[in-house]
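One chain, chain A, appears in both complexes that follow, with chain B as partner in the first and chain C in the second.
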Partner chain A sequence: MIKINNLNFGYSKGKLLFKNMSMQLSAGHIYGLLGKNGAGKSSLLKNLAGLVYAQSGTMDVMGYDPAKRQPALLQQICFIPEEFYLPSVKIDAFVKANAAFYPDFDHAYFTALLAEFDIPVTQKLINMSYGQKKKVIIAFGLATQAKLVIMDEPTNGLDIPSKAQFRKIMASVLTEDRCIIISTHQVRDLDNLIDTVIMLDESSIALKASVEEITNKLCFKRVKELDETVIYSEPSLAGFNAVLQNYHQEDSKLDIELLFNAVLAEKNKLKPIFN
Partner chain B sequence: MNNTFSIHRFSLLLKRQWLEFGKIYLITLAVVLGVIITFYGFATWSTIAENYPFSERLLHFREPLFLIFGFLFITVIASSYFAHLGQKPKAIIDLMIPASTFEKFLTGILFTAVLSTISFLVIFYLTDLAFVSKLRSMYHSTSPVSAEESTHAVDSIRYFFSKNNPGEFKSIFVLTPFFVTSLFLLGSIYFNRFHYIKTAISLMIFSGIWTFIIVKAGQALFEGRISVNHGNGNMDDRKFWVELAVFSLMLLLTAIVWSITYVRLKEKEV
Partner chain C sequence: MEFRDNKAIYLQIAEYVCEHILLEKWKVDEKVPSVRELAVELEVNPNTVMRTYDLLQNRNIINNKRGVGFFVSDEALANVKSYRKTQFMDEELPVVFRNVYLLNIGFDELETRYNSFVKETFNP
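Moving on, here comes the complex of A and B:
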């Protein structure tokens, strides 16, 4: 669905954010895009949506070049930005003005999502809280039935019940022809939701692997003492939370936060395992 | 699917833009109407309400009001049209709307050059019609004027657009709002903040440089020479060529500015 080839991108000519980045993303997956502040998560999403232009390299999104901003592609992209603006109108007026641009827009599904998110439909969008607005924009985006769903920090501003609702809804919208990319700092919000992890660090992709591949190759567990098999560890109350190479094919649950810190701290040890 | 232009998408975009832009637009129009009525009210109040004698000078405010306020109105509207693209949260939503850049650009032209000009003309025309009709109903609208050979009557309480109906250079008058709004529309997408001020300052600097070059070039070319009148010149014919030349230059400049605006919109990044 998405092919990125030798992408070079930066906001200034002297300093590139991505150097020769190449990657392929397929339909039927929920990708979790992780990285430190300034690693380029939002910029990568904007490149995919055609909101910024790369210095060089090619990008193919469903057969289109996103930089051309063609309506045929835009109809198939649902982009939920971190910062957004909604006009001073009620939800039905907003839908009336925008939904017609999306030929597959599902009004019934939109209404159902609003009900699930407990949104007051008679209220003007401008008078809603940030979290409520975010839920409206998420509901609208998903109701467009777009094939590519891009979300930048979607859980920011959502309360605890809404985060659970969000995870439930996102798990239910994944279909074989849909690709979902979620960028977030709040890795716990992606627990049990994503099936592939993409980590950005130092102008490139530090890790791109499915959850299955990660748990096959690495083991996440609590240990009392550290030895040479431990790749990365963090002290905890009863010893250490550690990442180890999974020599004995042990079953363990992916700890995204631990993995994230391990990738940043021990990139050289992890690279050979995944290459 | 045609990814450049579709009537369906274009009409959807017009509706959507009206939802975003319409309320502010109507409020601005109401302010414009209020200001025009205030000017007419101040000028004619003593004549209409207190039966003071009518003087033709009472209506002399109309020309500067039409020109200055009309210029301000259409340029403010044009200068605010793409202004929101300077704000990241608004720009993302707008650029991601499934319509082509050409359709978005064309909507901008329609709202700024066509709709704002027509609505200003209509508002000015209706206000003038109301006040001048009242004056005409109260006073004789004709006064005798002595010409060399005869005495004839002229209409002294004339409607603005019948008094100022340009007999010649009509095409230039029609094109002027397109040219002016094209410059401010470009300013609205070129600058991220303070669009109006920055556009106005840029235009002043550009006009200053342009005038300086023209004056200096004229001095260099014609210094020490005098113009010779060959006679037999047909003034009507000359006016036609002058009109054609000015019209063509304005049309060319408008097309160039629109093209730059289109490219800026196409290359707009967030």
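Moving on, here comes the complex of A and C:
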């Protein structure tokens, strides 16, 4: 669905954020995009949606170059940015002005999502809280039925019940012809939804692997003592939370935070395991 | 459902399904929730539930009727018991044994406890 080849991108000429980045993403998956602040998560998402332009390299999103911003592609992209502006109108006016750009827009589904999120539909968008606004644009975005769903920190601002609703909704919208990319720091909100981890670090992709591949190759568990099989560890109440090479085919649960720190700290040990 | 943090999610979902079959909340020859329904209920990726259903199909606990959905197999109860028993013996019992040993708990004391537990829990 998405092919990125040798992408070079930066906001200023001298300093590149991505150097020769290449990656392929397919439909039927929820990708979790991770990286430190400033690693370029949002910039990568903006490149995919045609909101910023690369210096060189090629990008193919569903057969289109997003930088050309062709309507045929844009109507198949749902982009939920982290920072957004909503006008001083009520929801029905917002839909009237914007839904027309999306030929597959599902009005009944939009209404159902608003009800599920408990949104006051008669209130002006500008008077809503940040979390309510966020839920409106998530509902609108999903109701477009776009094939590519891009979300930048979608759970920011959502209250506790809304986060659970959000997870249920995301579990229900993943279909074989849809590709969902979520960038987040709140990995605990989403860790059971993500099936493939993409981690950005130092201008490139430090790791791209499915949860199944990661847990086949690595084992995440508490150990009492450290030995040479431990790749990375953090002290915990009962010993250490450790990442080990999975020599005994153990089926452990992926700890995304631990993996994240392991990739940052032990890139050289992890690289050969995943290549 | 509250997931524990030490076991792969797809295996925890397998336990969840097995538990429902053992308690006969889902009965033999009945349809089980679709991959999507269960994913929504448990707030997990549908691909993870698919992995669970593949595992349970291989163990002949559920079977796939094409175009209709997944059903509890005829021999599901026996197969769940043997699957869960292997898991219990390999994973849970060693933890119990360790504590029994460390705390010097006698087998006669365990037996009394076990009998009253069964009585209270399953034949109230």
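Heads up, the rule we're going with is that the second predicted complex is superposed on the first by the 275 of 275 C-alpha atoms of A that agree within 3 Å, B and C clash if a C-alpha of one lies under 4 Å from a C-alpha of the other, contacts with A are read in each partner's own complex, and residues count from 1 in each chain.
In the analysis below, a contact is a pair of C-beta atoms (placed from the backbone, for glycine too) under 8 Å apart; a residue touches a chain by one contact, two chains touch by 3 or more.
Because the structure is a prediction, the values reported are computed rather than measured.
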- prompt: Which partner, once the models are overlaid, touches more of chain A's residues, chain C or chain B?
  reply: B
Message: Contact-wise, after the overlay, does A:N192 reach chain B, chain C, both or neither (first, second, both, neither)?
response: second
- request: Look at A:I256 in the shared chain and tell me whether it touches chain B only, chain C only, both, or neither; answer first, second, both or neither.
  value: neither
Message: Taking the superposition on A as described, I'd like to know which of chain B and chain C A:L33 touches: first, second, both or neither.
response: neither
- request: Determine, under the contact definition given at the top, whether A:A209 touches first (chain B), second (chain C), both, or neither.
  value: neither
Message: Quick one: is A:C179 in contact with chain B, with chain C, with both, or with neither? Answer first, second, both or neither.
response: neither
- prompt: Which chain A residues are contacted by chain C in one complex and by chain B in the other?
  reply: none
Field: Residues of chain A that touch chain C when the two form their complex
entry: 28-30, 164, 167-168, 171-172, 174, 192-195, 211-212, 215, 221-222, 251-255
- line: Note: in the complex, chain A contacts chain B through residues 46, 49-53, 68-72, 74-75, 77, 79, 81, 83-89, 93, 97-98, 100-102
Interfacial residue positions of chain C with respect to chain A in the complex: 3-9, 11-12, 36, 39-48, 51
Parts of chain B lying in touch with chain A, wherever the complex brings them together: 1, 3, 6, 9, 12, 15-16, 19-20, 23, 84, 87-90, 92-93, 95-101, 266-267, 269-270
